[in-house]
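Scroll down for the structure; my scribbles are underneath it.
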Amino acid sequence: MEGILVFHEQRVRDLMNMKIFVDADPDVRLSRRIRRDTVERGRDVHSVLEQYAKFVKPAFDDFILPSKKYADIIIPRGGDNCVAIDLIVQHIRTKLGQHNLCKIYPNLHEIPSTFQTRGMHTLIRDTEISKHDFIFYSDRLIRLVVEHGLGYLPFTEKQVITPTGSIYIGVDFCKKLCGVSVIRSGESMENALRACCKGIKIGKILIHRGGDETQLIYEKLPKDISERHVLLMDPVLGTGNSASQAIELLIKKGVPESRIIFLNLVSAPEGIHYVCKRFPHIKVVTSEIEEGLNDQFCVVPGLGEFGDRYFGTDDS
Amino acid sequence: MEGILVFHEQRVRDLMNMKIFVDADPDVRLSRRIRRDTVERGRDVHSVLEQYAKFVKPAFDDFILPSKKYADIIIPRGGDNCVAIDLIVQHIRTKLGQHNLCKIYPNLHEIPSTFQTRGMHTLIRDTEISKHDFIFYSDRLIRLVVEHGLGYLPFTEKQVITPTGSIYIGVDFCKKLCGVSVIRSGESMENALRACCKGIKIGKILIHRGGDETQLIYEKLPKDISERHVLLMDPVLGTGNSASQAIELLIKKGVPESRIIFLNLVSAPEGIHYVCKRFPHIKVVTSEIEEGLNDQFCVVPGLGEFGDRYFGTDDS
Amino acid sequence: MEGILVFHEQRVRDLMNMKIFVDADPDVRLSRRIRRDTVERGRDVHSVLEQYAKFVKPAFDDFILPSKKYADIIIPRGGDNCVAIDLIVQHIRTKLGQHNLCKIYPNLHEIPSTFQTRGMHTLIRDTEISKHDFIFYSDRLIRLVVEHGLGYLPFTEKQVITPTGSIYIGVDFCKKLCGVSVIRSGESMENALRACCKGIKIGKILIHRGGDETQLIYEKLPKDISERHVLLMDPVLGTGNSASQAIELLIKKGVPESRIIFLNLVSAPEGIHYVCKRFPHIKVVTSEIEEGLNDQFCVVPGLGEFGDRYFGTDDS
Amino acid sequence: MEGILVFHEQRVRDLMNMKIFVDADPDVRLSRRIRRDTVERGRDVHSVLEQYAKFVKPAFDDFILPSKKYADIIIPRGGDNCVAIDLIVQHIRTKLGQHNLCKIYPNLHEIPSTFQTRGMHTLIRDTEISKHDFIFYSDRLIRLVVEHGLGYLPFTEKQVITPTGSIYIGVDFCKKLCGVSVIRSGESMENALRACCKGIKIGKILIHRGGDETQLIYEKLPKDISERHVLLMDPVLGTGNSASQAIELLIKKGVPESRIIFLNLVSAPEGIHYVCKRFPHIKVVTSEIEEGLNDQFCVVPGLGEFGDRYFGTDDS
């Protein structure tokens, strides 16, 4: 978060991302103080002036003013400067709305969060939800992840003539792509992909997870996959072990890292670190970043064993 | 766009959205000038110093420095201040990415633009597109408009227990809502709304547009509409005449302006001004803001008579 | 139902759809009688033979045998003739499974009834059903009506080569078609039509029903409708008044009667008579034929005001 | 097909499914002959009568009449008997419309064939079809297979009150069911199943087919599968080897044979025999029965490697 205003010691300063000095002319400062202390606090003017001369001004000169030289931004006119305040507020909002990991890994993208997406997450994470609603809201969120992921495909410029005879300067998005789902839970994302990309090719990978070992036991991929952009689908990114195995397989098949977009519904920081460090050029698109993994390597808060809940092979 | 740096006259100043003064200590300024003029321009130090004393410093004191007091933001240390530069760059980017009208009307919202949404717009605006593709890509864009629009519904906080036993602090979005489509073209948006909100109530309004007159000739609305948030659907906002008539009807039925979300696929600035000024509390959500209207009051570049293209009642 | 076996008087005969004479040689008849009366009824042979000669044979010759000449079908060997019995049983089953009106109007078609379609009807007719389920099961049934209706479109023969290199002798179905929905409730059928026929043109008609008068207040039809097969959509056929008005409009636009397929979810006999008599060449496809209309001209048992339930503009 | 009319030798008779004797009184026969031979063939009456007495009557008495006693059905009055002719025509139509195998295996069901279903089959079997259309029409046909299959689930009677206050005597269909798809191609049927049964549990089985050996390499089934009706999904029934392995697994898990409904898009007779003989109580629902298997055990005419075409992992 942003460091705001006064600071005296280098140690504190170094922890700050942005140092702002809110400047104001001395007479403005004094008159504001007088107004505040007499009107709001009921003191008399003389004692205020006396206190100002004796303590406030020397303290300002000794401690506040010297810090100005370290400021990254100086905001003149203090609280009346709406333009600057608006700038800072917007900046803080953007930073707050973005997960820290997105600042670390430029290829990690969270879909824009709205109260609707938050509400859908609240529903699918709830143990009490009906199977039908779990599928319904998962499908809606997955659709948003897929649409967002498709936004990172390359494009070329293209102009078209509209029915009014005008020129529209637009783009032609890349259609040389395919999906690859990690069996079973990744298959829950195929529908949304098909709904957005008619007739898209979809490969499948089955990886056995036993202990810390993962083993590829089945794969069926488009033959020309090395010439395509690949949307790799797995709703939950946990430790990143099976994701890595899937990505490695794709690379082995000739798909350049930079052409892989990995689509998740929820992602644990552990898995993000693992995947984004190993494969710095792949893009990861997710709808929410989780707190972490628990002792059993389950994503927390998470949404349980996604495949079992989606396909109904859990106990419920 | 932002006004950057130096300004001398009030008239120019008043045209600027944000005034930035890039500050630097006099010695830093001088040493930078010496380095530049000797190294880059091959001049000797003495002539540089002479020119500085004779012209540059007086000009600075007379013209540059006095402008500082009008600045909204002061950036110390000039070009080395990466933090401030980054702040300003990001701010400009945000502003550039946002349509001017969105800055004027805080209730006007454009869905986030990606190359995929741009590409879909390019397709549906093209006169050459097949009917099937026109419907397919319109439907995809409309779905994104609907999802985005639902994000502006109110909510309450809600905590749930996830299958891992963790608490998830989420939200419960408002379910007291309904759709209202303006016959015919608005009906093309019903599907996407139903796909997101199972069993949602959907009212219909038929307005006859003849010349500048519009006339309501049919309406069928949910009886309890005054207790609901209303997603008003019409893919094209042109002059705003029929939109206004539809909104007025809703208000007459007891729906507060602030509970109306007007969903468009494309919106002309003329219609936006008309609607947003008359009904400052309604929200307008659109996927793209157009250039304007032509002589025949058609949206330009536009996508033609949407209803005719979607339902196939044009000549094609 | 079928008239079975013996008949003596013309009046009774005329009521019969099919007259069957089950034939058997006289000696076979006698031996069966002896076996039955001695073994099953414990009588002695002599009394049986005496009764046979005195009453049974003369009665047969006087009353049974003469009826043979009126028979449509003669089944030799009586109860041992499994082939004939099977033929008759299947025929009765077919007739029983078919609504009487379908026998009267060869252009009236009910979709095949299964326990699943019956179950869906049971759900949507129930006043207690949730709005969401009402829409869900109506949609499923409508989809079946649409698929069945499409089966009556013309076709031409077409041969294709399959991936195994074999020839498949198939058909090419007519694609020169469009839908026309009667606003509002007919619009509920547009989705299913679009789901089956990508990019299909869809016209709309709005008819005001006031008292016994109906009035066309809006229409928007494909310009080349006279060259197309038309799937006219209205989920409930009641009195047939507005259906007739819609059909007349189509005919006026140049659509030959024989190219109109009228799709219903439920149809009242009154409306069927009205429509099928006036327009003997149109096809009517429905998922269930109702009992009739009540005093308020509502379909009974029916499913209420379909449009209000589907679009949620009823009180619930 | 049906054997019609005259037969002299037992060998021929035994090949016939139904033996029909078209009867007519001798005088009627003679008068028809005279009319035909004089009017149509221009002969004189006397030669006709002479020929009749000399050849036709003796031949009838010697060869035609004696065959009457073998007839299963006797149709009096010959060509004027519309009732009988209609009965026979309908019967032949039904038999022709039904595949022979459906007569052998009462649990084998083909969905009703229309020109629309034939047309869709023609499209998906064509090697020239686009990937998008292959998926689209496969999906439509699969939906019809699923709807038809659901029609064989058990039910109980249920009465509901309709919005008109009437009683509707309907049924409550069984909801204790689940799907099981055979990976990969069976997964193409999951969507249609979900579209009909909201939130249905779906298990998966992966079987490796190598030579004549099949091996189960992955399975994930609902835990309570033994209490459910199971819709087993595999679009192509070829040799029946992997189908048998899947069915055996289900039986081993405690699912009674009679609760399994096996859904296919196309089925080879070889596989039908294999499966229906081994598991006489399971129901097989298919949209078309094929000619057979070729040397490479591929279904002919068939539609190629379904999974490869649907998921795009073929060469195209």
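We call the chains A, B, C and D, going by the order they appear; numbering starts again at 1 in every chain.
Please note the rule applied: a residue touches a chain if its C-beta (ideal position, glycine included) is under 8 Å from a C-beta of that chain, and two chains touch if they have at least 3 such contacts.
Keep in mind that this is a model prediction, so the values were computed, not measured.
Peer 1: What chains do subunit C and subunit D have as common neighbours?
Peer 2: none
Peer 1: Please find the path from subunit B to subunit D through touching chains that uses the fewest steps, and give that number.
Peer 2: 2
Peer 1: With centres defined as the mean C-alpha position, give me the subunit A-subunit B separation in Å.
Peer 2: 21
Peer 1: Take the average of all CA coordinates in subunit A, do the same for subunit D, and state the distance between these two points in whole angstrom.
Peer 2: Roughly 55 Å, centre to centre.
Peer 1: Go ahead and note the Å separation of the Cα centroids belonging to subunit A and subunit C.
Peer 2: 59
Peer 1: By the touch rule stated above, which residues of subunit B touch at least two different other chains?
Peer 2: Residues 198 of subunit B each touch two or more of the other chains.
Peer 1: So in the complex, which bits of subunit D are touching subunit A?
Peer 2: 130-135, 178, 183-184, 187, 191, 194, 198-204, 206, 217-218, 220-223, 307, 311-315
Peer 1: Per the contact definition, I'd like the list of subunit A residues that touch subunit B in the complex.
Peer 2: 17-19, 23, 68-69, 71-76, 81, 83-84, 87, 90-91, 94, 112, 114-119, 121-122, 125-128, 136, 140, 143-144, 147-148, 150-155, 158, 160-164, 166-168, 170-173, 196, 198, 291, 294, 298-305, 309
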